[in-house]
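Note that the chains are named A, B, C and D in the order they appear, and that numbering of residues resets to 1 at the start of each chain.
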Amino acid sequence: MIIQFKEPLQRDIAQEIKAKLEALPSQVFLIRNHMAAMGVKAFDFTQKEASAIEQVTFDDPSFTLGSRQFQPEDTVIELPHTNIGGDNFTMMAGPCSVESEDHVRRMAKVAKAGGATVLRGGAFKPRTSPYSFQGLGEAGLKYLREAADESDMDVITEVMDVPHVDMVGQYTDIFQIGARNMQNFSLLKAVGKTNIAVGLKRGMSATLDDLLNAAEYIASEGNHNIFLIERGIRTFDNKYTRNTFDLAAIPVLRQLTHYPVIADPSHAVGEWDLVTPMANAAVAAGAQGEIVEIHDDPAHALSDGPQALKPKTYLEMTREVFALRKTMASFKATANVSD
Amino acid sequence: MIIQFKEPLQRDIAQEIKAKLEALPSQVFLIRNHMAAMGVKAFDFTQKEASAIEQVTFDDPSFTLGSRQFQPEDTVIELPHTNIGGDNFTMMAGPCSVESEDHVRRMAKVAKAGGATVLRGGAFKPRTSPYSFQGLGEAGLKYLREAADESDMDVITEVMDVPHVDMVGQYTDIFQIGARNMQNFSLLKAVGKTNIAVGLKRGMSATLDDLLNAAEYIASEGNHNIFLIERGIRTFDNKYTRNTFDLAAIPVLRQLTHYPVIADPSHAVGEWDLVTPMANAAVAAGAQGEIVEIHDDPAHALSDGPQALKPKTYLEMTREVFALRKTMASFKATANVSD
Amino acid sequence: MIIQFKEPLQRDIAQEIKAKLEALPSQVFLIRNHMAAMGVKAFDFTQKEASAIEQVTFDDPSFTLGSRQFQPEDTVIELPHTNIGGDNFTMMAGPCSVESEDHVRRMAKVAKAGGATVLRGGAFKPRTSPYSFQGLGEAGLKYLREAADESDMDVITEVMDVPHVDMVGQYTDIFQIGARNMQNFSLLKAVGKTNIAVGLKRGMSATLDDLLNAAEYIASEGNHNIFLIERGIRTFDNKYTRNTFDLAAIPVLRQLTHYPVIADPSHAVGEWDLVTPMANAAVAAGAQGEIVEIHDDPAHALSDGPQALKPKTYLEMTREVFALRKTMASFKATANVSD
Amino acid sequence: MIIQFKEPLQRDIAQEIKAKLEALPSQVFLIRNHMAAMGVKAFDFTQKEASAIEQVTFDDPSFTLGSRQFQPEDTVIELPHTNIGGDNFTMMAGPCSVESEDHVRRMAKVAKAGGATVLRGGAFKPRTSPYSFQGLGEAGLKYLREAADESDMDVITEVMDVPHVDMVGQYTDIFQIGARNMQNFSLLKAVGKTNIAVGLKRGMSATLDDLLNAAEYIASEGNHNIFLIERGIRTFDNKYTRNTFDLAAIPVLRQLTHYPVIADPSHAVGEWDLVTPMANAAVAAGAQGEIVEIHDDPAHALSDGPQALKPKTYLEMTREVFALRKTMASFKATANVSD
């Protein structure tokens, strides 16, 4: 059940209702003038209670807090150098792995030159094999932070487990939750207890409901600075692309949720020469930003070299993406013309 | 093996080589100054033969005739009112099914108004259930042809089996081969024996190699007026969209083959309010055209109503698509910047 | 709507009802004492009509004729040397392709020695590439028929298109419809007009509803001698097996339909050394038979060598399968213990 | 590289080689008389070194320690009441969630009566939604342990994150790593540092290589008491079954690895009336055990009720499974007949 209270909110009545609902029992959330009571499918309000209420709906999805029913307006995440969501378009770029202090600093400058305001870089790497490069660890985080600061950028980096949340949180503006950890519920709860923004990657075989329920694990702990990242799904079709980039997920998610939706064409396709057309397609599909991997020497990258854009290609890609974004901005909202 | 002969082609030498190759045995094709000999992985040329040859490659894929190795330049299909392929961008639109003489005529006018030069409409419908509407048959083809002629458009319509090829061919400019028939090899051979253009839809679980091999069945019979249609694949993710639109297939196919690549966002997503963002995404991904379904009263459409665009939405969609196409045209080719 | 008439059937009343239903309009089928009226969701019977009726249900699935609601008891297909369905267990074996008169004759003897009563062999081969071996054509059918007759076996062979139905029908006891043609609706209708049994293979990405609807195309034309073949589906997992063998489809289909369900472990896994464990698994899952490929010299088979069992392995496999079948037969029906 | 030393192992020479390899650098493991040096593709041995070596291979897969090349003989895990692997067949059963002290105790007795020697039960539940029942936590572990002890059984229960490893380890004989955590690499490393057996479930979209690489994360930390659980994968086909049970994974895994392979038909199909046929199929496919969910009142189970077997059905299922297992045991190994 979602209750939309009249404004201004009559807080005493809201608290009275909250207490009743929690006794049902139900988990109850009051955010601004909206209350969500999980699992409640019917409720009798007193006349006094009813007088404080604008609207009640019982058809909220399982991901109530993330739903448009709960919050119709877009979430906008405010970081020192970046706003994510709403009408903002955010470019995030950087190397797959932080490789050295010097390298990440140079890559930050390239990223910035292309219009990126968020620097990406992995210090803890979730690799398929235990014998692959696992990242520089905390040293990598330091280099990443310094490189970002030097270029006036914000930082996004992956946190892989609960014990690392505090430490990683000292260096980053955004926790990235990787595709393999999308349903690591303990980790979701742990970052949900912080006030650091979270970029949640869709799992390889996660439905959109799975993704939104995973986001709900974060939100239900109190952290609402969440954005979602479409990065390709696993299908039968993987000879020419690493994954299948599910671009229709972008407009679907934008209908279902108020969280920003960002595209990751690099992981979606896994081949550098397909990144630009897919980055372009993502903008046209309505993505509110992109996250891409860059490297000045992909052949010697410590991870994911084949999908990294060289600086020159990256700069050309961002030029195209921003031009398409501008064309897109000239259109009126069209989604509801038919009805 | 692909032999690229020097220009001008020394036809007698080419014929001599062809005879030797056919005796191996191999299926041999000579098109302009290119010869393909299927399955040949080594061959000793005489000095005289070698003198007529520019280049020989043995690494052609199984879909030799369709490959860029065999024909580097784009195929352009020329129809009375339309060119498909190369730098052309082709809009195809119309109702899912031809429903009546009057209806298809009105829909043709809408399609034309949005910039379409090809009218689509099904007269023979491949429906999952035998008890669903199966199409108007030959009467539907007549209405479709007349509607197209009246609006100076070309016709694309599905042919479902070998016995219908001749009859359907009397009414249409383009045979559509549906997704369910993509590996109906007898049908592919039959349309391959005509000189009518073929729009080949990717099967629901077809890899790109499967699709290109299916096209090869058509080409190997002599018909090279082929274009490919990406219309979504079947994956685990089908709650909010009917299929998963595999947009990365567009740039991949454009690298692999010289055939035009057209996008079908209507079938890919199956929901009208997702068609515009996906049509936009397809242009940005490099599609050389789109095929979409329109209907003035989707709720009463005889098939696929949920994915049909109403006229007003269709016109807004085409306005966006052509604007994005114009932006795209302003970019230089970027695919090979990195190397 | 399904009407179950009282026995003995009052034919005049049934015909009266049929006429009314057809006028709705609806497609109406009367088979023994069951009537199916497609798409009818409500109907007022006269008192006289009602008196002839045992039971009426409106919740039939789209594949009405194939459903257990329409025919609770198992279909049993009777061939000269074989019964398929019910408590029978049918082994079908033979080479992938008919390769020569002598070869198929020898393979028939091997097949028979292992307990097979149906000889398989392809004369028209649906190959991914047009340049692969396409089968011996009608000559192959003759060899196959003679080999089966010599060993007192029935024949199953693939028919690929409508124009071939009559000709292939002269040689075979069972039409096989291949996975790629599962939704070749014209072909389904054509074999539905014959009285020759049909073995319908599940398409690579067909849901079970798709499969049952495809069978309905055959049944709605009057041919009810249908069995279904599970042969693996296409998923992301194809490094070690050609397809993913969906064995749970066997008990699900046996709940939904009265048609026999046969397993094809050869195509499902595509590797000979996995065929025996999967053939065993299929029996244990409740398959009513198996169809497998055998070859005395797989390395030189004209198609699908890697999945062919050598005679010795085949004989060992059938020994295991029949032993497990015997163990299975010793169990009581267990599917409904819980409720 | 895998080095198989002659027996008896000359430990000083082995240590000398190990030191050289580690200096390359490489991660090096010496287990009994086998040494694995990760990533080493060539190495020059001195004559003295060579004299201590039986065989060297460089074609080990990325999951070296788990591979048959490294350890040809089956791993057998020895627990107080159970041996897992080799020719043993292990039944594991219990409720999805530990619901109460009394309930789990009663379920343990049912499980035992059906031949189970391992009691399963979740105290920490990875639920799609944060608002679903999350398990009883440590209290649940106590009840589970007591119930198992009372019935002379071993315990398997899920551990969900790194901070819980020590605590859960005080109660369980086997850590279960759930499908959603299969690539939670931090967790894999943490259980790898214990000496408690680990049952690793295949992820919903994990390839078999992914699964074996995940096991390698555990093994590379020193814990070799690992078994693998096939529990169904996510495909397009999910109307009648929750997942697609990939039974061919069982014989494939048994070829690739020495770890025991256990089947989980309950999660694979998600419907109780399909569990028995699939449990039977798993035995026939070569599974070395099964893990199933039971409940005396599925309609009121706190999680996964639809797939739980009632006691009577469970007892019938185990009767069938053990009978089929006995039939299977009567066959000779057949996998290599053809060659």
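Following the convention adopted for this analysis, a contact is a pair of C-beta atoms (placed from the backbone, for glycine too) under 8 Å apart; a residue touches a chain by one contact, two chains touch by 3 or more.
Fair warning: this is a prediction, and the values are worked out from it, not measured in the lab.
The interface at B-C recurs elsewhere; of A-D, A-C or B-D, the pair that shares more than half of its residue-numbered contact pairs is A-D.
Ranking A-D and C-D by contacting C-beta pairs places C-D first.
Farthest chain from subunit B (centres taken as the mean of C-alpha atoms): D. Between the CA-based centres of subunit A and subunit D the separation comes to 34 Å, rounded to the whole angstrom.
The distance from the centre of subunit C to the centre of subunit D, with each centre set as the mean of the Cα atoms, comes to 37 Å. The set of subunit A residues touching two or more other chains comprises 205, 209, 234-236. Contact residues of subunit B toward subunit C in the complex are 27, 38-39, 62-63, 126-131, 160-164, 180-181, 183-187, 189, 203-205, 209-210, 213, 216-217, 220, 234. For subunit C in complex with subunit A, the touching residues are 234-236, 238.
Contacts from subunit D toward subunit C in the complex involve residues 205, 207-209, 233, 235-237, 239-241, 244-252, 255-256, 268-269, 272-274, 276-278, 280-286, 298, 309-310, 312-313, 316-317, 319-320, 323-324, 326-328, 330-331, 334-338.
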